[in-house]
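In this document, chain identifiers A, B, C, D and E correspond to the written order of the chains, with residue numbering beginning at 1 in each.
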Amino acid sequence: MSLIAKGILQGMAVTAKNFIQSYYKKERLPTVEYPEEKSTVNQFTRNIPFLVYDGEDEIEGMRCTACKLCEKACPPQCIYIIKDTDENDKPIKRPKVFDIDSSVCMSCQLCVEVCPFESIRMDSEFELSNENRFEGLLINRDELLKSNEYYHEIHPIEAQETDDRIAAKIAEAETKKKAREEKARLAAEAKQAAAAMKAAEEAAAETETSATEQAQQSEAKAEAPEDNPETKNT
Amino acid sequence: MPARGYHLSKDELGADILEVAMGPHHPSTHGVFRMDLKLDGETVVDLKPIFGYLHRNHEKLAEDIPYLGCMPFTDRLDYLCGMTNNWAFALSAEQLIEIEIPERAQYIRVICAELTRLINHCLLVGFFINDLGALGTPLLYALREREKILDLFETLSGARMMVNYMRFGGVRCDLPDGWLQECERIVGRFPAFLDEYETLLKDNEIVITRSQNVGVLTQEEATNFSITGPMLRASGVNYDIRKVDKYGIYDRFDFKVPIGAHGDCYDRFMVRMLEMRESIKILKQAIADIPEGPIMGNEPRVFKPDPQETYGRIESPKGELGFYLIADGTTNPYRYKVRPPSFVNLTALRHMCIGHKVADAVIILGSIDIVLGEVDR
Amino acid sequence: MTVAFYIMAAIAVLGAVMAIALRNVVHAVFSVLLFFSALAGLFILLLAEFIAVVQVLVYIGSVGILMLFAIMLTTKVTGDPTRKLLSRGWAWGGLVSGALLLAFLVPLITQSKSESNSQLSNFNPSVKDLGLTLMDPYFASVGVIALLLTAGLIAAVVAASSASGE
Amino acid sequence: MNNFIDYKLIELGQWTVGLFNDYPVVQILVHLLLATLPLTLVFMGAFGFSTWLERKGLARIQNRLGPNRVGIFGLLQPLADGIKMLLKEDIVPDRSDKLFHFLAPVMLMVPAFIAVGFLPLGDGLMALPMDSAILFFFAVGSLNTIAVFMAGWSSRNKYSLLGGMRAVAQMISYEIPLVLSAVAVIMFSGSLNAQEIVASQQIQSWLASGNLVKEFFGQILGWHIFKPWGFAGFIFFFVAALAEANRSPFDLPEADSEIIAGHLTEYSGFKYAIFFMAEYISAFAIAGIATTLFLGGWSGPVIAGLPWFIIKMFSLFAVMIWIRGTLPRLRVDQLMGYAWKFLLPLAILNIFVAGFYYFAEQQFGSLAAFIGGWVIGFGILQTAAKGLSRLNKSPTLDGKRVYQLVE
Amino acid sequence: MSEVNHVLVTQQFPEVEWEEKNSCFIVPSEKATEVVTWLKEHPAFRLDYLSCVSGADYLDSEVKTKEKNEDGKMEVTITQVPAKMEAVYHFFSIEKKTGPVLLKQRCMDRDNPVVQSLTPIYRGAELMEREVYDLYGIHFTDHPDLRRILMWPNFEHYPMRKDYVIPNDYDYEPTPHDEVIERARERRAQLEGGSM
């Protein structure tokens, strides 16, 4: 170690550079003073989940149908669902109780992947602390429900994708319903035509009417093919 | 070189042995880890590592959760490198069922793994110098750089550390647009930070005197102690699982493996610095030729492998991270064993510390790079 | 001035007595240090600055620390309370030493001519003249002392190195 | 403009003493108070300001903001810390030596404040004008070794015992290079009195010459640091001062990464604050003595006197903070080896070089001596340093380590 | 999985059997050290790096194997598999950079499983074997200091065994699941009962 320690002086030059540059270079002073200026939470952050509902009324527009898939898939088992029943206790497709225990939830987002009805999504709200350690951290259904507009606000791209997927699903359901109606209409028509023909030529020769009727039925059955359930895409 | 491994119940001058528990609550044990030191004056006569303060029985937990459910728990193993833990579990689970992984997913996996290596190594160097006594200045420079990469992970996977990003057969979601350019910018600026970091530390006389010839581990000892990762390479053994197993698409990138010669704390610190530069080379190549295309292979509806056992391992920044899975045909793993690098590297701690001073024991522990989440599981 | 003198003297005596009486060895050494600082105070009162400085630097600074080091290596720090401090024959011992003390002190106090300390006030040696006198008339004695000290130093080094076997 | 402020302060002092002319006893008391009270107040304020300076400086080195919540720019932070320390519970471990546990901080603060008394703040502004001021400073400096040992021993805790032992060993072994590097200066300026040392660093002939430029440089060029042995002496003195004040590369007694807080582990509440204050003030005192010996004390171009002294002292303290932010810590045995086998022989060699410089100056005049001194003197010291470090087989000499990159 | 020429080993040591399905060697405990030292030196293997030691616990189970017999009907045969405990060793060769070689030490009785420890040969196995002992209860003969590593010293059972019953020490937790709340209420009653 000669008189002037070169390595140490180089090191001190580096710290001096940092000291001086921290005054004028933004990159050298990344501190964000939290309560005053909040660093912008980017749209992909995920924290505790929330339930999406369309339209105004929370209960009606709720997408969740209490199918309990997310309750099964959640690794730390922090979701708890009880199905809703209307007056004469016939189960209807809506959760009466939907609790998430935010002290156990590790925001791993597996429930979002599993949910077939795109109803549970990850919120990016991170100021969740409150005074009561037990009941306070148990988020019940009403606190969980948030509107679709709110979803668009925090995760614009993801929300837009989900909406397109739902729209596509509705459109597909439409076409399937239309196909089924059309098939029913055709079958009714065939039956009518058969009945009319039968009444008109009741007396006519019995044999050749029964032959045409059979041909019509087999042709109607072939005409409405059963479309297989399209594969589930994630 | 102090005499190696001499055992004295009473030291020469008759003063009895000072027993100090460098306990779970100690500023430089990188977490809840206790070392029962027997000191003769300042020299360490005996050292007994005590674990188990952070033991959550991660393996029992995974036995009654489906395979996919175990993925978020792997982030909690070595909480500094979430991505590489996920990849290790995904890699070994993919050996259970034939799934082909699309090109783009392979490239994304390599990019994320190398970014995690950058974080881990620059943090480790920061903690190592902090144990030497430099009051956090290098550590805070490292944390400043780490913030940028963590923001990248946040935009990609939603969380900074608990990423839960990889799935069997690919990755969960695609790169948001603009992410690659941002990643390229950060990786481009990293060498400048590394140069500044090296001038601050590499030939600093005090760092050299304090960490050279301290905690020496020869080649035979290193292999015999099943040491892996930068610690093994610092002792001169050329064994990097990215080169040996050629898992993922590492054989497409040309990168070198730095090898030390003396196997002491200074070499481990320098090997990690050089490895960071290699990771930057890989990242540049990966970002340059990442193809378009799907990010998820044809993943079956329910992950239900037929009864077999497999052992998948990757080169995590700390060493060889392996998953030994026994499947019994149901959706839950029958036996889920994690082979953590820092836990196994700790076997050599006692051997290296005996004969050194207290101050050296702290640095040797720092140079092993342990994270207690992974040690205690 | 005299009030200060009596305070300093009282502290010195107190320090000396405590050094012997206390059971805990470490406390004893600290009271010896108290005694040394009281002496330094006395020297300042006598306007002998340089000697006071040397007293503080040499005695408190290094001899005291040396004693502390010596204690650190002994295992038993607190004296065993069982042994009675005042052994049986203390009365006679006290009497004899008191008589001897008086025999020396009384003539000394009475004979000293109690002229005022006028001679003392103008004789205020600055460090420079002290250095000069040390060098020319007393150069031989300084040389001898220097030799003695170096011999002691070398002996210490030899003792230490042979003991630890390096 | 020179020494304007010092004369003003001295007049003020005489004026207040004059107020009590008719009560002689009170007059002596006031005279003593005048010597000590302003000094303690000034240095307590300096201590408060320096904690703020340290935390802000360290923060900026580490690219963060540092305290900025209490008062504007966080200036009231030391006040807040002081109040917090007062309110904190003062825990005394039950098996500890109660008396000495209490005495340790007192024992540490007494020498710190006495040492501050010997600083020549300005022309004639000296609290304890003694003939051998510098020597008394070093004597008092050695007292805080005992206090640190007392703290370490009495808190009955393994870590503090280790810290205490390290502190005692470190302080003793760094006192000697400290004193020896000061000997060269004292040998040159011919006296131990601080005022004379400062006077010897001003080129009197130039000062009296009247023309502005000469007067301006007369105050500066005379400093000892510009001489070869002065510069080397300053390096040794500053390194030893860092060790004496337990500052950064040598802060082993309270090495927080190894033995938690060393001898301060068992102290809390106001006793901890007193330890803290005593350490800072002894650091200030040593910085002050370094400026007196090497940087020409209060002599400075325009505003000579107290302002220059404060600027130099705080700049030295800022260098200490800068070092604290950068350098890691030395190990105990390396610390000892560095003191005994490296600093001590070089300090002695430095005294010889100063001696030759003195005679060279007599023979060939100051300019030739200056150039010759720098070339030869500094050369000798440099080669000696290299030889010594090879002698101690320090690893820094085994050259750069080469790492091969393998396929 | 590199091709492991197991034939070499089975010739050398007749009592070592080769299990094709999981490609691993089943080694009786008393021969373990001999086999491992031979593998370490043998030029074809040179297994100088022990990567991982793990325990495995199998209860009595029956394995339903479905084969198609002649007339194409699925025919299910149930074979009884006895309970066993295993210590699984993964070896790699750093020199030859070859893939994993598995070595299992199996012991049939689950109450007092005893297995040969490999720490004298591979120092790296020390902590891993202690963990297997701590979590599975497999006792390793001539291990330097075999004591619990992750659990606190006076913990009796072995948590990773399949028949380990999780103790009911549930303090009140805010989880909404009713059965969790019942268990907490039950335990509190038991505590009050006990402490009254």
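Please note the rule applied: a contact is a pair of C-beta atoms (placed from the backbone, for glycine too) under 8 Å apart; a residue touches a chain by one contact, two chains touch by 3 or more.
Keep in mind that this is a model prediction, so the values were computed, not measured.
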- Could you find the chain whose CA centre sits the greatest distance from that of subunit A? C
- Per-chain C-alpha mean nearest global C-alpha mean belongs to chain B
- Message: Going by the touch criterion at the top, tell me which pair is linked by more C-beta contacts: C-D or B-E.
- Response: B-E
- Specify the chain most distant from subunit E by Cα centroid. C
- With chain centres defined as C-alpha means, what is the inter-centre distance between subunit D and subunit E in Å? 64
- Message: Suppose each chain is reduced to the average of its Cα coordinates; what separation in Å results between subunit B and subunit E?
- Response: 25
- Message: Using Cα averages as centroids, what's the distance between subunit A and subunit C in whole Å?
- Response: 89
- Gap in Å, rounded to a whole number, between the CA centres of subunit B and subunit A: 36
- Got the subunit D residues that touch at least 2 other chains? 61-64, 325-327, 394, 396
- Provide the list of subunit C residues touching at least two other chains, using ranges where the numbers run on. 72
- Find every residue in subunit A that makes contact with two or more other chains and list them. 1, 7-8, 11, 14-15, 18, 30
- Item | subunit B-facing residues of subunit E, complex | 21-22, 48-52, 54, 56-57, 88, 90, 94, 97, 99-100, 102, 122-128, 131, 135, 148-152, 159-160, 164
- Residue ranges of subunit C touching subunit D (in the complex, touch as defined): 24, 26-27, 30, 33, 49-50, 53-54, 56-57, 60-62, 64-65, 68-69, 72, 126-128
- Taking the complex as given, what residues does subunit B use to touch subunit D? 18-20, 26-28, 39, 42, 129-137, 140-141, 144, 200, 203-210, 212-213, 238, 243, 256-262, 266-267, 270-271, 274, 278, 357-360, 362
- Within their complex, subunit A touches subunit B through residues 1, 5-8, 10-11, 13-15, 17-18, 30, 42, 44-46, 73, 75, 106-110, 113, 122, 157, 232, 234
- Message: Touching residues of subunit B toward subunit A in the complex: what are they?
- Response: 65-66, 68-73, 137, 141, 144, 147, 151, 154-159, 162, 164, 172, 176, 196, 199-208, 296, 301
